[in-house]
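Below, chain A partners chain B and then partners chain C, in two separate complexes.
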Partner chain A sequence: MSVLSIVVWIIAYPLIIFCIGVLLGGYERKFSARVERRIGPSWIQPFYDVIKLMSKKTNVSHGYMHDVAILMLLGGTMLTLYFVPVPGFSYFSQFGDFLVISYLLLIPSLGMALGVGETANPNGSIGISRALQMLAGYEVPFILTFIGVAMKEQTTSMLDIIRVQQAGGFWAWGLIAHPLLGVAALIALQGMLNEKPFEVIVAPHEIATGPMTEMGGKYLGIMFIQHLIAVPLELTLYINLFLGGASNWLEYLVKLFVLWTALISVNMVFGRFRVDSAVKFMWKISLPLAALGVIGIMLNIA
Partner chain B sequence: MLTSMLLILPLAGFLTSLAAAWIVPASSKARASGAVQKIIAGIGFAALFVFAFLAKSEIGTGYLGIPLFGLWLNFGLTQLSWYFVAMVAGISLVTVLFSLQGLRDDGRYPFYYIWLFSKTFGMLGVLLSADMLTFFIMWEVMSWCTYFLLQQGHEKAKRAGAGYLVYAVTAGMILLAGLLYVYFNVGSFDFRTIQKAFSGFGAGRIIVAMLLVLVPMLIEAAAYPVHWWLPSAYANAETGISAYLAAISTRIGIYGMTMFLFAGFGLTALNLVTANKYVSANEVLMIIGAFTMVVPTFTALFQHDAKELMTWHSIGQGGYMIVGIASSTTLGIAGGLFHVFNHMTYVSLILFSIAAVEYRTGTTNLNKLGGLIKKQPVAYLGLLFGIIGLAGIPPMNGFVSKWLIYRALILSGHPFIALAAFIATLGTILSVYKLIHNMFLGQLPERYNDIKEVGWGMRLPIIFMMAVVWLTGAFPGTVLAVVADIQQSLGLERVAYSVHGVAAEMGQLNMLVINIVFIGGLFVSWLIYLAGGKRKHIGQYDNYAAGHFLDKSIPYNYNYNFYAGMEHIFERLLHKPPVKRAEQALATFVSGTSEYVCRIFTGNITTYSAYVVAAVVVILLVLGGGR
Partner chain C sequence: MSEKMNIVTVNDGRTLYPGASAPENREYNMFIGPNHPGIEGNFALKLTLEGDTIVQARTDAGYLHRGFEKLMEQRLYMQNIAIVPRICVPDPDPNEENYARAIEAIAHIEVPRRAQFIRVMMLELSRIASHLFAFGGFAGTLGLYTMPNWSISDRDRILELFEALTGARIYHIYIIPGGVRRDLPEGFAQRVKDTLFYIESKLPEYDNLLFENSIIRKRSRGIGVIPPEKAMEWGVTGPNLRAAGFAHDVRIDDPYEVYNELEFDIPIAHESDALARMLVRRKEVEESIRIIRQVLDKMPSGPVWNKQPNPLKWKVPAGDAYVRTESSKGEYAYYMVSNGDVRPYRVHVRGASVTHGVHVLEKLLIGTRIEDASQVMFSLDACPPEVDR
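Showing the complex of A and B:
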């Protein structure tokens, strides 16, 4: 890649992903509206929401950590984004592998947790407490599926894992080659995206809106922007690990929307778990599936 | 010559400060006595630090023999021991500098610096020992000094110190057995002779010898399930001492483990033991390490005291070192040894920050603190940098060593040990957030309204350690260079490092790029932030309360029982920890049997003379049988 194209990609990449996030968000709202026999808002409603929030006159904050946290939240997400390869842009993947990505993903969570802590609202703290417990829930099976794949291919690099899948065609896709790992990771992904039945963090009506209780104006706006980037980012992780990555943008978009439809369909028909039930579900259903898959791979290697 | 100074300096410091304490006793002139002690400690540890770094030129050459009852105590510096010596000297100096202001001159700790000198002497003695006899003797010296260091202050500390002593004496006795076993088999204490002899031995003898030396090392490193002495001992010590002990003292066990595995008994012996396809020595060690990572980290989740929470982590982080080193891969050993340094930096940083809070509020109880970020921002930042390092999140240094360990475990085909390492990291994140939230975030209790930041004497060491944690994260090659030299000196493959991380042939990690991209991301977010309207700071009572009105009289905080869901899941394990039950059962058994043994001592002269006659008969029989 030439220097110029790298620079162009560095600027364009977050913007493209943000646009995709807006479409995914709008699609989710349209989808749930149609299921509930409503017409639903516009396809780019999330974009209007962001504009509205960013142009609010009243922006209250509880201190400097509250301000910095919001920067950590968005900055950390953008940092993670650059290390995730997409068709045509994988410059930063040479500086960090999947292990790096999975830990960079924690920076935004930590940032939000610290900022919410400073707002001194118990609803927010409960939300964070739940978010961290959920993290321990879904991250364990998700990381085990990655360990399985990485051990099989003897690499921790995301690019190499994509390369192996694309070289082998459809039958080499992670979901097809290691179905147990693929299913376990899919369940974990549902929790990672905070979709029902694992939607315990924001939990409207239960703990106000959890971490967002004391967030308003541009603070909430930046949280929205971050969410719109984080959704396609986390879906891309799954696509790269289990759905063979993507060789062009059309394939990438198709895979994104298919995967997203699957996840939000589950979201539509479930209620909300209690936090300990959600964690237990991950540990009792998703983790054993992943463990079985890994044992299968170990037997295969030996 | 410089090597000998490493032993002479702390010993001289110990004697000088002891003499000073005798001349100016703390009981009559607390302030004057404190000042004298501080001056001696400051000069002594600063000199030690300088000599530790100068002594690098003497690695492998400077040998020193001290005659003792017809035997020789041999001391010398190796690449591995220099790494630990430098860490001991460095962290001792920082701890002393922090304590100059952090320790109040109220005469509660009159022997603080004296025991610190003696403890440093003991540790350096162990690190510098060049044969097994010296190692054992210095090991005992070190254990006793640790005991003296621990048992200062209030009554609880004394009891916890005694608890430590039980474990330390047990470890010492096992090590003595190992020493004798090796001596009777080899006929020498010298490591090189032992190494040569061991390469010709069968697996049985090597396994016995390995067990007898490794178990004491694991006790010192507080590995699961012999870790129970550590939390109460460290949590009840003065916070500066806790920082010092958690940072380096426990890691002497890791030094001993590495030394015996790779240098003391030789790689040939290790390979022989691990040649078996089904059960291998490294896997047993790795499983111990995995338990050491997971169980203590999840125990830490439910602690209500900041120091106790951290001491559990100090155990848990040791698990990473054990797993990394036991994996016997280039990346794993590099990660394990690098983790010793990283752990030292961030754990002392975290405990310094806790000490700063304790200095002002007088408590480390997590249910009583809160909202201190407004009052003690430097301590908050110190704790923040420390917990990011502890949790192993980029860009701090803890991430690099953990990354090396994860990668080594995955590529060497140990998926479940790798999973244990990840689970422990998640547990760490949960509990450190509780730590920082309950101390610094949330609602500030009214009683802490007049609290001020601590003085520069405590602030500067915190800021310095923050810089270390961050810079060695951005430039891990500075420390990895030393680690690679150690690997070479042990006859292992060198880790392929670059200044900013790990070179391409051993993986992809460039911490500088991560730092730059992160700063770039923060900058762009800041621009977006500026694009919004002007922000206004509001007070903590100006808050959402479902239409209710908040004021000073209403506690509006969530910190007690922070992870209720987890507590619900682990309820049974939490209330009856199996290791503690086992330890208590053993204690009951020992006290029960010793009650019976006590009956021998009747106080009756006739019974005693009967014992003597019986003993003489037995001795005569044994000697006669020998003939």
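Showing the complex of A and C:
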């Protein structure tokens, strides 16, 4: 890969993922509207929302750490993005495997915790404490599923894992080859994306949108942008580990939208857990499934 | 640069949130409302929490105070008919019914049989509409946003019936002293039957989505329990009382209009928690459908209004009356005093919402976790404007 193309990709990649995030966000709103017997907004409504928020004048700040932490939230997500391979761009993946990604994935959560904690709004603080509890809930099974995949494929490189799956065809996809790990990761992914029944962090009726309560204007705009990048990022992680990755952008987008449809369908028909129930569910269902999957791989039966 | 200079830094030096107490005291204050997704109408809760648990709860009403009771003393009897439905927006007809019946009781006015049947139909349609609203509100507190969209769009079909009959969707101003304002338009009975059939066909979908939803059941079971031994003492009525195991219903205990000629059951539950209260309402929708079908089948022909004197000069004889109605919120009563003038001397509204939405709610919230505060409030199904009246 030439230096010029790397530079172009560094600039273009987050923008492309952001655009995909906008489409996924718009699709979610359109999809949920149809289920709810509404027409719903435009497909690119999230883009309009971001433009509106980012064009607002900032009149109130909660201090230096608040401002920095919000950038940490977005920066951490964008940094993680570079290590997740997509068709045509996997340059940085050779320098960082899944372990790097799992470390980097923590940065946005910590950034949000620092920034929201600085506002000292109790709704925000409760939201953050819930976010960290949920992190403990979904992170362990998700990491464990990766350990299982890594043990099976004898590599921690996401690129190699994709190659193995693509070489073996459909039956080599992670979800088919080791279904326990695939299902465990899928449940963890639902929590990671803060979709119901694990939508405990925002929970408008309980804590008035939690971390977002004290955010407005550009701060909220940055949170929106981060969310719009984080959604395709986390879905791509799952696609790469369990759905055979993608060899071209069409395949990638199809897998992205199919997976997203499955997750938001669950989101539409469930209420939200209490936070303790959400963590318990992760530890009682997702974690044992992942552990069984790993044991199966150790015993060479899955 | 100039924009940057205008930025105000709040909470500089990381001071405590203004509502927080001293650090050694583990309690802090939180507000739900008046501007909060989890509040029911123009209303607020001032909570003191320790961790996630509510240790003290105060309701903050008054955001919708329009002085209805006092206003009614300044207006003619006929003018007040337009005021009373505004006391409870989701279920306005019991107000019209009570107001009309109080005048009829004082002035000894006989209501034509057909009008009595129409009134029952209106009251039951209003009950269904109100319960559908309650289902949506309750589901929303638990994050199930599909349900409010479904149930409120189904409620719209009932509002369309109201519009066809009365010209208004919410404030019908239809039940008037001496009967009802106009007879059913042609084909209206069939429209009602079709709507009832539609709503009945949707109930299994509601069950799947809300009432049999494992997460919803898990979250609302055992939450906000009204101790049955305290229910009467606290003045609980309506579905909230029936969910505590008491088969008390004004329609049966003190029948009005033609309820004593109709067959229906009083659904009860014994758990007395948030889930039980909603399940009682769910079953009541079926009973209301049953009642309306009987009303449509048995409705006699004849006049719908016993004509009264010129409303601008109408002096209701001196006297007083206490009338009550079973509304979707609970027992709803009016006490009216007339001194023989063209205006009422006093109209007191005894709504169920002061009891449920203020006194009972404050008791139930203590010991409840913050995530359940909203569902407890919505499960009681109070009506903030009725608290303020």
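Here is the rule we use: the second predicted complex is superposed on the first by the 298 of 302 C-alpha atoms of A that agree within 3 Å, B and C clash if a C-alpha of one lies under 4 Å from a C-alpha of the other, contacts with A are read in each partner's own complex, and residues count from 1 in each chain.
We take it that contacts are C-beta pairs under 8 Å (C-beta built on N, C-alpha and C of every residue); 3 or more make two chains touch, one makes a residue touch a chain.
The shown structure was predicted, so the numbers you read here are calculated from the model rather than taken from an experiment.
S.K.: Which partner does A:7 reach: the first (chain B), the second (chain C), both, or neither?
M.R.: Once the two structures are laid over each other on A, A:7 reaches no partner at all.
S.K.: In the superposed arrangement, which partner chain does A:151 touch: chain B (first), chain C (second), both, or neither?
M.R.: first
S.K.: Quick one: classify A:82 as touching chain B (first), chain C (second), both or neither.
M.R.: Touch partner of A:82: chain B, not chain C.
S.K.: Please indicate which partner A:104 is in contact with in the superposed arrangement: first for chain B, second for chain C, both, or neither.
M.R.: First partner only, chain B.
S.K.: Is A:35 in contact with chain B, with chain C, with both, or with neither (first, second, both, neither)?
M.R.: A:35: touches chain C, not chain B.
S.K.: Figure out whether A:275 sits in contact with chain B (first) or chain C (second), or with both, or with neither.
M.R.: both
S.K.: More chain A residues touched by chain B or by chain C?
M.R.: So, of the two partners, B touches more residues of chain A.
S.K.: Applying the document's definition of touch, where does A:121 land relative to chain B and chain C: first, second, both, or neither?
M.R.: After superposition on chain A, A:121 lies in contact with both partners, chain B and chain C.
S.K.: Go through the superposed model and pick first if A:208 touches only chain B, second if only chain C, both, or neither.
M.R.: Both: A:208 reaches chain B and chain C.
S.K.: So in the superposed three-chain picture, is A:58 touching just chain B, just chain C, both, or none of them (first/second/both/neither)?
M.R.: After superposition on chain A, A:58 lies in contact with both partners, chain B and chain C.
S.K.: If I apply the document's touch criterion, which positions on chain A are contacted by chain B in one structure and by chain C in the other?
M.R.: Common interface on chain A, chain B vs chain C: 57-63, 118-123, 126, 208, 274-275.
S.K.: What residues of chain B sit close enough to touch chain A in their complex?
M.R.: Chain B reaches chain A through residues 371, 373-374, 380, 384, 388, 391-394, 399, 403, 406-407, 410-411, 413, 415-416, 418-419, 422-423, 426-427, 429-430, 433, 436-437, 440-444, 504, 507-510, 513-514, 517-518, 520-526, 528-529, 531-538, 540, 542-544, 546, 556-559, 562-566, 568-569.
S.K.: Can you name the residues of chain C that touch chain A in the complex?
M.R.: Listed in rising order, the residues of chain C that touch chain A are 3, 6-12, 14-17, 19-20, 28, 30, 32, 36-38, 49, 52, 139-146, 149-150, 153, 209, 213, 215-216, 218-219, 369-375.
S.K.: Mind listing the chain A positions that touch chain C in their complex?
M.R.: Against chain C, chain A makes touches at 32, 35-38, 57-63, 118-123, 126, 196-197, 199-200, 203-209, 268-275, 277.
S.K.: Hey, which residues of chain A end up touching chain B in the complex?
M.R.: Listed in rising order, the residues are 14, 54-63, 65, 67, 70-79, 82, 92-97, 99-100, 103-104, 106-107, 110, 113-114, 117-123, 125-126, 128-130, 132-133, 135-136, 139-140, 143-144, 147-148, 150-151, 154, 156-157, 208, 213-214, 217-218, 221-222, 225, 274-276, 279-280, 291, 294, 297-298, 301.
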